[in-house]
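Consider the two complexes below, in which subunit A is the common component and subunit B and subunit C are the respective partners.
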Partner chain A sequence: MGKLTSYSVVIFVILNLIISQCNALYEDQIGLFDWRKKFVGKIKFGHFDATNADKAIIATDENVLAAISSKNGDILWRKVFEKENTRGEIKFLHVTKNSKSVTSYNEQNPFDVITVNGYNPILFRGWDMNNGNLIWEWAITPTTTNPEESMFFFNEFNIYHVLPVWNSHIEVTEYHASTGQPTKSTSSMISAGWINKDRCVLSSQYFACVVKEQLLVLDLLAETNNIRTKALESPATLIKVLRGQDNYIQVGRQVISLDDLKIVFENRDDDEVYIENSNILKLTQSNKNLKITSDEQEVTELNDLPETLDNNLQIITSKCKPKRENPNQLACRLLVSTDDGALALIQQGKIKWIREEALTKITAVEFLELSLSDAQGAMEEELNNADEEYSNSDILSSMYRRLHSQYSTVKNIVLQVLGLGAPPSFSQRAGLVRDDFGLHKMMVIMTQSGKLFGIDNVSGKQHWVKILKNFEGFANGQSAKLLIQRTSKYYPHPAQCAIIAKDKNTGNGILYQFNPISGQSIDKGVMNLNFKIQYASLLHEQGENFLRGILLVDDKNNVHVLPETSLKQVDGFFLYTVNKPSGILTGFLLQYDEKTNTANMMPTWTVNLGGTDNEQKITHIASKNAIERVHSQGRVLADRSVLYKYINPNLIAVVTEGPDSIHKYILNVYLIDVVSGAVVFSMSHRRAKGPVKIVHSENWLVYSFYNEKIRRNEITSIELYEGKVQTNSTTWSSLNSPPVPLVERQTYIFSSTIAALRETITEKGITNKHVLMGLETGSVLEMPWMLLDPRRQSMVPPEKQREEGIIPYIPELVVQHENIINYNQTIARINGIYTAPSGLESTCLVLVYGLDLFVTRVSPSKTFDLLKEDFDYFLISTVLIGLITASYVVKHLAAKKTIKQAWK
Partner chain B sequence: MKINLISIICLISIFNGLLAQDTEIEENSTGLYQIEGKVYPPELSTDENYKNWVQDTEIVVNSGEFKGYLKSDGTFVINRVPSGSFVLEVLSPNYVYEPVRVEINSKGKFRARKVNYIQPSQVIQLPYPLKLKALTTFRFFQQREQWKITDFIFSPMVLMMILPLILLVLLPKIMNDPEAKKEMENLQLPRFGGGDMPDVSEMLSKFLGGGTQQQRPQQQQASDRSKNKRRNNNN
Partner chain C sequence: MSKSSSKKLKWSLEFNTKSRNDLPIPPGFNLSAAQSHSEVAKDQDQNQLIMKKSWDMALGPIKGIPMNLLIMYMAGNSISIFPIMMVGMSLIRPLKAIFTTSQTFKSFELIQNITLQKFVFFLGNLINIGLALYKCHSMGLLPTHSSDWLAFVEPQKRLEWSDGGITFI
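And now, the complex of A and B:
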């Protein structure tokens, strides 16, 4: 026992040492290079508060309830509900219309917001609008088969749960809002055989249906069954509730008031219609022009609509009052939203703020280096010319060139000062020029709705936005692809990116090529391909103008390359396809046929990971980062020999999950060489299930899963080594029967659930690698590889055999609060982490995305290539000055002394 | 016979009663339960995050499967939770709370205990309804090192500079003291093997002690003496 405690003390001391070595932020670094933006998601319901409309209460499709300030669009408070729709989906939002809070009978708990979430169970909550505190909460469990079709309305003090059973009846149950007590002993059944899904709506207490050429309206609060009917001019297919005031619906093109069944407005042009205090606001949008009219009177007009809002604007909520100078006209504060989720507030003909809620659904991110500044570019040009003409140039001509370029720089500066010179380039104007350390980059973000963003990673400013129409991701949950065809390194050629997606209507491929710095499209803009895409990737080699071609394989296994001149390069290209549900991986080899100038695809191998009854489904595939560089080839052991890493660039990790008759769940991990199809290694975890998160880099693999048996999260790390001799240090070939690697593995207990995993990456790979862990709690943890190292042993070896940098094994990985890189800036629902190298070897740029965005930098080995931030310039200069003065004084004194000595 | 009948009736009635009770429980609960508790903020907290703590705090069960929100007094409920074992966490950006494992058996009995991932069988019970107290505030930041004079003095660079200085200043003074000199000589004797090794102290004093010229002859004698002694030793 004594021994054990002494061990634990040793371990503790060592751990402390390591942890003190680790990087943590200083308090004065808050917000210095990190920023967070909070989002809420695409709006579903929204209402201004009743008193002065200085905030809007909104509910979104991300299952978020939030209060947003009308002044600047900031989130005042936010409640994030469960991700799963069974409990989290917001079905109903009620915000009190009177300025007073709704009070229950006993006048005790004033609440002003009601939400209804989920369908199994249905959760009812009342909130305080001012601070977002919960006032009351209760729940019911519906017993019917279709609880997800529940509808709700609120009247005075009661909430009504309306459950239509199509073609049969409607079940209405009344609950007292703040207590959840049913007001009647039974729910009332209203038989209505005419109700039909997609043809019926509920607008407060009225249940309205279109049946052939009739509109039937049922008042659910009426004591007796009273069904009112109204004949329609033509059979209408469309029926929808209008936003704004209750009891107004649009049937076909007619806006009908349900109180008296009168047609109040004929919506001839099929515009967006909104009702505000019996005023009909009509929104027309054409060609960057937005017009909101009420009774032919203009309320608001915006002539130069920003591109980000140019996507089917809708009025969500409004607050209007007659203008003081002209009471017939309305002055409105309008909250509008687009199809992709952009939320904006329009007031007095101006857009006060815009929120980009499309950023809650990020599918791909790339960091791109910025272009050179004009001056640097001119220099680069001169050097390029020098290179080209090097063979036939002499000293005099290069001297001339140098002088000429210097002359032109001076001339440019003078002209610039006088305001006569050529205008600065776009990137110069926008401040998008490369900095000394390459820390300033452009984040190109692709979202699920097809909206692209170019965001500055330092300031968070959005430089450009592009909306792709009819955009959709690929089947099987694969997102659209964002490829970098050319980086900014090849001056004067600008960087170029491409997006490959699916057309929503035809299912064919779409290609969009653009300049990621300026956001301008290249060539024709969106290109519609005439085939369905099965596989898309970049070619390995650069073609003309340093541009990497795009390889596309259609559903008939034909090979396409863009631009077509690069077709030759596909010869010898290996690729693999994965069928996730069946668990089959297939490898292909592309061959180029010179005679016909075509390329064909040849299957080379097939691996079936589906198991016996095809129970196992592929859930994750992890390949290494294509730009990764491995600096250190091996690891020095205690006896000074080297253990060489198994660095196979063609290695991928495949995770399969499936049920099992004995162990309930089985989780398998395979390491597969995708060129040869060899399964290099496989592991199986019994009674383990997802969510699996996985990261694969260098010669290691880290993944997290849930251990059902002991009910805890575990992290497994695997390292592969070639052995003490290296087969070939220069090139790797998967086909020359590479050695079977030695495998080191270790599993750790982890207390939190991991939402995302990613390794840090740097320019040359010299810096240590840390693993960034996005936790479900909203923190991002920087875990040193040293702690995950599978070579950590539980037996502490004697002093001599102890390897450098290896800590004794302890089963639990402790979350150190200092290692949380986003401190108290928690990120709701982390979905992914993206890392990119910066120009500094020590520093890695990080973007964490989920419901929120968080951008920061990490330096796993500390900023060894920079002077410390708290470097004491004052101390060093005072010491230097002091020493210099001291030496002079001493010199003087010494001279005096020698004179004195001479006199003696 | 009569007794039998009565007993049968009794039995039936008891049985009926039991049945009725069973169905009542089922109707009441339908196998779904409510987790209750109260969250306490850290005491004596003065930081700016304190005033928003209710707003910022969330209750999360099984990492987001079920969620609960606080009322202004810190109480919370999580409705309609099936029986099973759950880990309940209090998520607060600024305050650390310990997670709690809540177990609900199929009869609806609650048990709360400490979460122990390493030894899952170990049970340390906690009170139910839950009372969750903040342990500390998160410490995310490193402390910047303050500049202190002692740090400066004891830094290796400074020590390396000061030690030779002391040697330079003090050694000649010691050399001047005749008793100390004698002692030194005695001490140094066994160290030097060969006679041709230069005398360090002599060199030092020669080099530094500019004002000790009068004592030179003495020193010379002393060194001669020592040389003789060494010879004797060698012999």
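And now, the complex of A and C:
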């Protein structure tokens, strides 16, 4: 009998799965509404290939090794190493200068690229440059205390591992490159008490240090007499290895060749210097003008440098040859990079391509609706006027208005056709006009380096780029805030966004207001504030011109509002702040004082989640999406009564993690009402630790964590219900004794590690919610809520009590491959998922970011408001027209027949 | 009156255009003696018949109830096309009948007062409607549960607005 029921459960589940979740794409839909862009990260080392420089081998600070085509900047191949620096960080990259020499010493396994990764263990790898194949690999596990200080150089056949022990000695070990065999039985120790961490560099075989007014150079390959010195004119603080050719360093402002210790160049203006075949390339940049000179001879000049490259350009690698017409001059192909990671190739005074590698470090994203086209706008305007003047207008005047607007539309069309009309606006030209279904949006992306992007979500085109100099994220791991002050809905007012960040130099607040569609700044653009920002938020009400004010709280708990006319809207606003180090949450009530025209903060409650000895650290705060709308207020039970949802808009989830003497780790989750400060619910997971990923929406909460005890990933879901009656069906007040919720919870086992979690969101909230899970493997799984539902029961209830859409509980959550929304388009190192509603209720727009960008749409309840792509318009209309004609013909015939019969 | 009488004697032909009363009664013909007896008897007979007929009609819906009950029982409570059609029919038919009551009883109305019959007829149909509704209810087609009105429940309006997060300093 038991077997029977279990079979029936399995069949039931399978049926449910088959019926409800066939979400996969069809083959011909691949790439139809999704796109992926691959990135490599900010460049660390880079070299052109030796023969014809048609590709560059680069290593980046995202621990990626890649080959980039010189022609168009495409990635030819890419190897993504471990994210953690202990294993993944690329310490050394060697690209063979002369391709012939490679095969000569190793006929069987030609390798031309060597990388060294990490420090525990140190991984040595040899690669084939053409296809990125791994040729050999070996590792050593250093036993010293500071393996992360390791330096490396390559000489002929061997790799040298140089480990400086500061103020004491240098340890040099020699390995045969392709086998990893040490060439000597012991590593050589060179005692050098004068080495200092900040003042020493390694360039190829030379270990150079600045000691007071002297430059000491140690040749690590020389057997005897290996220290040379050079007196410096003045005590220099700066010492750095120059890019390009080995054995050149810059000390202070002097460029010194380490082979003969001669000063080869005096870098007076402290420009970027690069060594190419003993030629010194100097890069000067001023006012959108880039000049690269060699011995006072111009190599390349760019007069109109695009804004995206206007951020401390430096040459990464180059390939130069003498010009044919003038052998004294050089013609160079240059790979340049900026501080924010933009990578460009310059050749013959032109920029061939630009890669925006800043997009690997996205901190904030918003999707914005595009503005109306001129014609739509005019119509909107007319309707608006009609609304406003409805009370004091008669039929004639509105009739006149209608005719007038129609006349102007026709006139515009005629003028457009004749080519006489007003030039189309920026957004019109760029095709940035709202579409019928609101699927076309502008993605405003803020990156860690302060570079701001406006990217089209349909084509992936970058419409505008803005470098925000001196913009930096805040302390406590809080990135710069991107706020939407006004959306595109309020024609003729354009949309407006603001970025709030910390000034790199002063630490004060800094603000930038801009139009997200055109990328142009609004008003003054960058605004320097004269205080440090403690917290920033958007006000809930719109002020003048539908603009929502920005609430800023400074370090002395003073309240500032921008624009100041919105100040009185803060009255009655509840603000909470979370002090991450101490684990204390504080609630404030904001009050507006009419007499003094100021606002102040009144502390109302405090909750300490730090635990004893402040061991528990707050790791996550999850609040609900501000634009979320809940359509269904309850859930229908089997007996057709309603279980009303506990939808508290002021509820947040706080996750704390900390060590414990008995259980090793403890993970706590608190649900806190931030208006009243009440802890609505709390949970504790013993022997569980992060990384926690959390989603909080409607009346539910889903989070994933690692169960240390059983060593597996688990997902817990919680749902809150008010009960079978609603205490107050019209209003929600957190202060007016809100109901205590009923809590349903369930935990599931999940087989992969989750890198990002996000719920889908739609305009009206009618569509089901699915949870999008970014997995460490690089896929994004669309998990139906039905499977995460905490009301799934382990006992199969009799048929009458079975609720609709509830599957019996099974501990494992299966990764269903047809639910992977990025099919085979793996997204390397997923960092976050952003979802936004589209104009269609069924469809939700998704951006997955990490090392790569992936944009797609999902429709959790299928596209119920859209005809299928393969809908046969022709057949339907033919049949309809045919039937209508047939019925008329038949009617006529029937009439004839009755007349005939009447005469018989 | 003349129209209805002409309808009643559909096939009689009126040859004499002048009124019969104008003519003198033929000698030896006693009008009252010849007609009075047989006429009365015939009239009563017909009235009774009509009465019976009208009661038949009035009680029709009530008589149909057991039959309806049986059909409903046989149809079951599952929601599929046939039971739905059946319930729909059994709901629409009495409704239609109620609206056409006066037409149904028109032919009897002329003869005598049939308000009672009409009332009984109406009652019978009402019972039938009630039965159909009960069937609807037991099939779960009536919006009698709170869950049926869930889609119209408005979201609660929030009175307090809040925001916050980890401090930037």
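The criterion applied here is as follows: the second predicted complex is superposed on the first by the 844 of 904 C-alpha atoms of A that agree within 3 Å, B and C clash if a C-alpha of one lies under 4 Å from a C-alpha of the other, contacts with A are read in each partner's own complex, and residues count from 1 in each chain.
Simple rule for what comes next: a residue touches a chain if its C-beta (ideal position, glycine included) is under 8 Å from a C-beta of that chain, and two chains touch if they have at least 3 such contacts.
Just so it is clear, the structure is predicted and the values come from calculations on it, not from any experiment.
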Touching partner for A:Lys900 - first (subunit B), second (subunit C), both, neither: neither
A:Asn579 touches, of subunit B and subunit C: first, second, both or neither? second
First (subunit B), second (subunit C), both or neither touched by A:Thr777: first
Touching partner for A:Lys350 - first (subunit B), second (subunit C), both, neither: neither
Partner chain(s) touched by A:Asn728 [first = subunit B, second = subunit C, both, neither]: second
Contacts of A:Asp128 with subunit B and subunit C, given as first, second, both or neither: first
Partner chain(s) touched by A:Lys556 [first = subunit B, second = subunit C, both, neither]: neither
Contacts on subunit A seen with subunit B and repeated with subunit C across the two complexes: none
Residue numbers on subunit B that touch subunit A, as the complex places them: 30, 32, 49, 54-55, 58, 60, 63-67, 69-72, 76-77, 79-80, 85, 87, 89, 91, 93-94, 96, 99, 115, 117-118, 120, 138-145, 147, 210-211
Contact footprint of subunit B on subunit A as seen in their complex: 24-28, 77, 79-84, 87-88, 121, 123, 125, 128, 131-135, 137-139, 141, 710-712, 749, 751-753, 776-778, 811-812, 817-818, 820, 823-826, 870, 872, 875, 901
List of subunit A residues in touch with subunit C within their complex: 474-478, 502, 532-538, 540, 551, 555, 572-580, 587, 618, 621, 623, 626, 629-634, 636-637, 640-642, 647, 649-650, 674-675, 726, 728-736
In the complex, subunit C residues that touch subunit A: 140, 145-148, 150-151, 153-169
